[in-house]
Amino acid sequence: MKKFVNDPKDFVPEMLEGLALANPDTLRYVPEYNLIMRADAPMTDKVSIVQGSGSGHEPAHVMSVGKGMLDAACPGDIFAAPPTDYVYETVKMVASPKGVLLLVNNYTGDRMAFEMAQELSEADGVTVRTLFIDDDVSVQDSTYTVGRRGVAGNFFVMKAVGAAAERGADLDEVYRIGEKVNSVTRTMGMALTACTPPAKGSPLFDLPDDEIEMGVGIHGEPGRRREKLRPAKEMVHELVNAVVEDLPFTSGDGVALMVNGLGGTPLSELYLVYGLAHKELAGRGIEVRRSYVGEYCTSLDMAGASITLVKLDDEITDLLEAPAEIPARVF
Amino acid sequence: MKKFVNDPKDFVPEMLEGLALANPDTLRYVPEYNLIMRADAPMTDKVSIVQGSGSGHEPAHVMSVGKGMLDAACPGDIFAAPPTDYVYETVKMVASPKGVLLLVNNYTGDRMAFEMAQELSEADGVTVRTLFIDDDVSVQDSTYTVGRRGVAGNFFVMKAVGAAAERGADLDEVYRIGEKVNSVTRTMGMALTACTPPAKGSPLFDLPDDEIEMGVGIHGEPGRRREKLRPAKEMVHELVNAVVEDLPFTSGDGVALMVNGLGGTPLSELYLVYGLAHKELAGRGIEVRRSYVGEYCTSLDMAGASITLVKLDDEITDLLEAPAEIPARVF
Amino acid sequence: MSSTTASDLEFVVRTIAQTAVDNEREFSELDAVVGDGDFGFSLARGFEIVIADWDSFDRSSPSTFLKKIALVISKRVGGTSGPLWGTAFLRAAGALGDKTELTAEDAVAVLRAAAEGIKARGRSDLGDKTLLDALIPMTDALEKEIHAGDDPANTSAGLARIAATAARTAADATSTMQAMRGRPSYTGERSIGSPDAGAVAIAVMAERIADEWAARG
Amino acid sequence: MSSTTASDLEFVVRTIAQTAVDNEREFSELDAVVGDGDFGFSLARGFEIVIADWDSFDRSSPSTFLKKIALVISKRVGGTSGPLWGTAFLRAAGALGDKTELTAEDAVAVLRAAAEGIKARGRSDLGDKTLLDALIPMTDALEKEIHAGDDPANTSAGLARIAATAARTAADATSTMQAMRGRPSYTGERSIGSPDAGAVAIAVMAERIADEWAARG
């Protein structure tokens, strides 16, 4: 393993400390619960927004805390949902009279932790709603799984509900918006290489030099299938196809297009992918109205990328355009 | 090689096309010269700022074109200075009556191309000045080399001269500011892994699993020495030390601190490094007033990081704070 | 028939905790095959606190003691394992009521309650390729042996060995199953061919308990 | 003494171009050792245009022809090589004036002019571990052989072989030198132990010219 790391157990706390040191005026770090929150939270006149999930997806979600997006993020250890207790304590710290919205990527562990925390918080008299994000088209819903996974598309949900909350929308309205954005957001990713969790010290899976994992999860979960590495345009074609056909997106749609790097792929390649995806969409009569290229939801140092489309209407566009002041870039 | 790439020869043009497609309102792409320019350039009432260098360092420099920073960037192929002709044509396209400032990272090939282009442009009657950036403390100046290299610190020069030009400063004033920022900026980097140029298809150098390259160049040039991988805090200590002692930075100084990822290192590690560096500086009485964490000047997919310090005064702080509208995040 | 005393209970919990800490890397490796490689890390972060705070736990009754363990797990263990193992210990505590002396039947009841808690929390059942596929067969074997009457092997140590053997056989058998719950289920048929990490952890813990029980004499 | 005709000149330039294109990867590999691995790529991008546009070049005189080549290189080749090789061809053109028939002495003059151009542009000299350390010894050997008089080996093909042998020996000898110019100079003593990429390229080109000249008969 070649990483900037001291004791792997301290990886997440040390990262969070760095984040707080880099944003002394706007963020507060609460080490007991791995919590990053707005320095000015809770605001009594605003719904509080909280997102939690495992660490290892930076800038998601700790670097999205700030005016216009999250009030707090409570990450767990690398790839592990936070303990129920951390979520519960986080809700306490940002509890607002207008209520709290919990944003949760749809995984078994996260669902359990957040559902239990919601129950505990409600028993304390806090109004809480929980929204599950499940934009990944790689995993098909079925009777036996917990359903689709939440991946990079969560960015758009956070951005939209954050903007709505900042403008004073009530909890039901904020929830409605989040659910609506989630319902028109679709993502598909692929890995060129495995990632290496600091505590494991070796790659999470073996991927031969000429193979890729199509439909990989952001925790390095295997995807739809292994296949041979091919020219970028063929792989991008497959990613775009999977996303477009799922909703489906059709000719005449206006969309936001995100090319998200998984951590080890440089911007040069991401912009190359962006150009290919943009042209794929243009060829189908789908118009890209907003573009996002960079790292939004990573999988440690995995080389790879995901493509997300959001079907835009005036309401969503307006919320995505609204300003936000967070450590990670959003526009 | 595992990359998003079609024909390696098309890597740079395809990346630039993606960049232009993602920023249709603000950028213009001129394929003949690999040129990315502001859609509204040249402005007759403003000095034009141009930066060129090899590609493979994204977001430097093509993703720094926009209001408040560059008027144009003319990248060469991967790690290769642009041909003289590209630079010459770029200057023609953004030539302003107030003059043109060329920013050049200090390497033999870049110096030659820009010096020749300046001569050609002056013969056409354009007023041109060229500023060489050389912030890398890894390479010691000597009688026989071309001098120190220009690396991630170029960001601060671009930002400051871009802001000054936007406010209407004349060419000599813009040049003075650029030279001043360069004179108080120092950088030191290290590689955990080698990078893989698309056309080469294999790593540029061999770095055993337990070794790092201390003082690496952004083109994968070997640095000061090979050494064993160590805990992050020891490596960060060495980087900070090299930078601090070079200027030197001393107790009471206020600085901007940049932790720049070299392309393959995720944000989680960069923030961990940031926290360590911040505390190293605090321990020496050096106060971090502005912080920059992310990718500013990469070396393709190299895992590694560099640390840059800029000694701040009111003039520099004011220019770094000024707004800019570019594809890459700056604040 | 042997009876499980309160100190036997402490020995079992302590051994589970020590096994989790000692096998952090192995358990994570197992989870890496079709999961996300954090299972060992998650368990170890909780059980290392169990060990560190061992002397401070309220021991006024076996139930209180197990509840304290449940609390530590819930507080510190993340991932799917946090809620599942926390619930398991909480339900185990509930099954004991205010008993102070425990019998082998109580051990079965504790294990059943833990399994039911996991089922409810995880919306899962036998056959989904989870830790339940080691835990339930192990409990079944234990119960069967107890009912078989006063076989000379039917000491505490003998029962522990029987449980361990059953857990191991069942855990190994998860290799041929397709995951229906948890992260490995995303991979569909690709989950076949390797055992479930949680099930193997149960087997390793049961084996260590049997080994050390024998050593206690 | 043999004379170098305009068609000999075209043959030499064409062979240089073809060698650059055919050895793109090898030349980049050489540059990767202590440089940045782009030398072969940079040269090939220019010389492939030389080959593609071959028929269209103005051939009104040898000097005009070389000037056209210089222009293509300057336009398309980046890195340090663009200005250096562009300057070399431009100065070579200048050395020919309005000559239409070329002698072996003219060949020496062309090579000297090219080397002087590189020195001036690169602020470099013999001994700095650059392509000059193959180019200059090769030119010296050629000149010496011409002055040695009418040795039967002293045909064009024979001279080409002598030049190639000298270039190869000199290029190999750069291994023991420490780089004083260009990117490898940043590494100081670590540049010792591998030959200079530019010098090796000169040797490979000279060898191919000698081989094919012999084949032309």
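First chain written, first letter: the chains are A, B, C and D, and each begins at residue 1.
We adopt the following convention: a contact is a pair of C-beta atoms (placed from the backbone, for glycine too) under 8 Å apart; a residue touches a chain by one contact, two chains touch by 3 or more.
Computed from a predicted structure; not experimentally measured.
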Topological distance between subunit B and subunit C, in contact steps: 2
Farthest chain (mean CA position) relative to subunit B: C
Any idea how many Å lie between the Cα centroids of subunit A and subunit D? 55
Averaging only over C-alpha atoms, locate the centres of subunit B and subunit D and give their separation in whole Å. 33
Could you work out how far the Cα centre of subunit C sits from that of subunit D, in whole Å? 75
Dist(centroid_CA(subunit A), centroid_CA(subunit B)) in Å evaluates to 29
Contacts with 2+ other chains: residues of subunit A: none
What is the shape of the graph in which nodes denote protein chains and edges denote touching chain pairs (line, ring, star, complete, other)? line
Judged by the touch rule stated earlier, which pairs of chains are there in contact? A-B, A-C, B-D
Which subunit B residues qualify as touching subunit D in the complex? 9, 54, 76-86, 107-109, 112-113, 116, 139, 144-146, 149, 197, 199-200, 204-205, 217, 219-222
In the complex, subunit B residues that touch subunit A: 2-7, 11, 14-19, 21-23, 55-56, 58-59, 63, 192-193, 209, 212, 229, 231-233, 235-236, 263-276, 278-279, 288, 291, 293, 295, 298, 300-301, 303, 305, 327-329
So in the complex, which bits of subunit C are touching subunit A? 24-25, 28-29, 32-38, 41-42, 45, 74-84, 86, 121-122, 128, 180-183, 185-187, 190
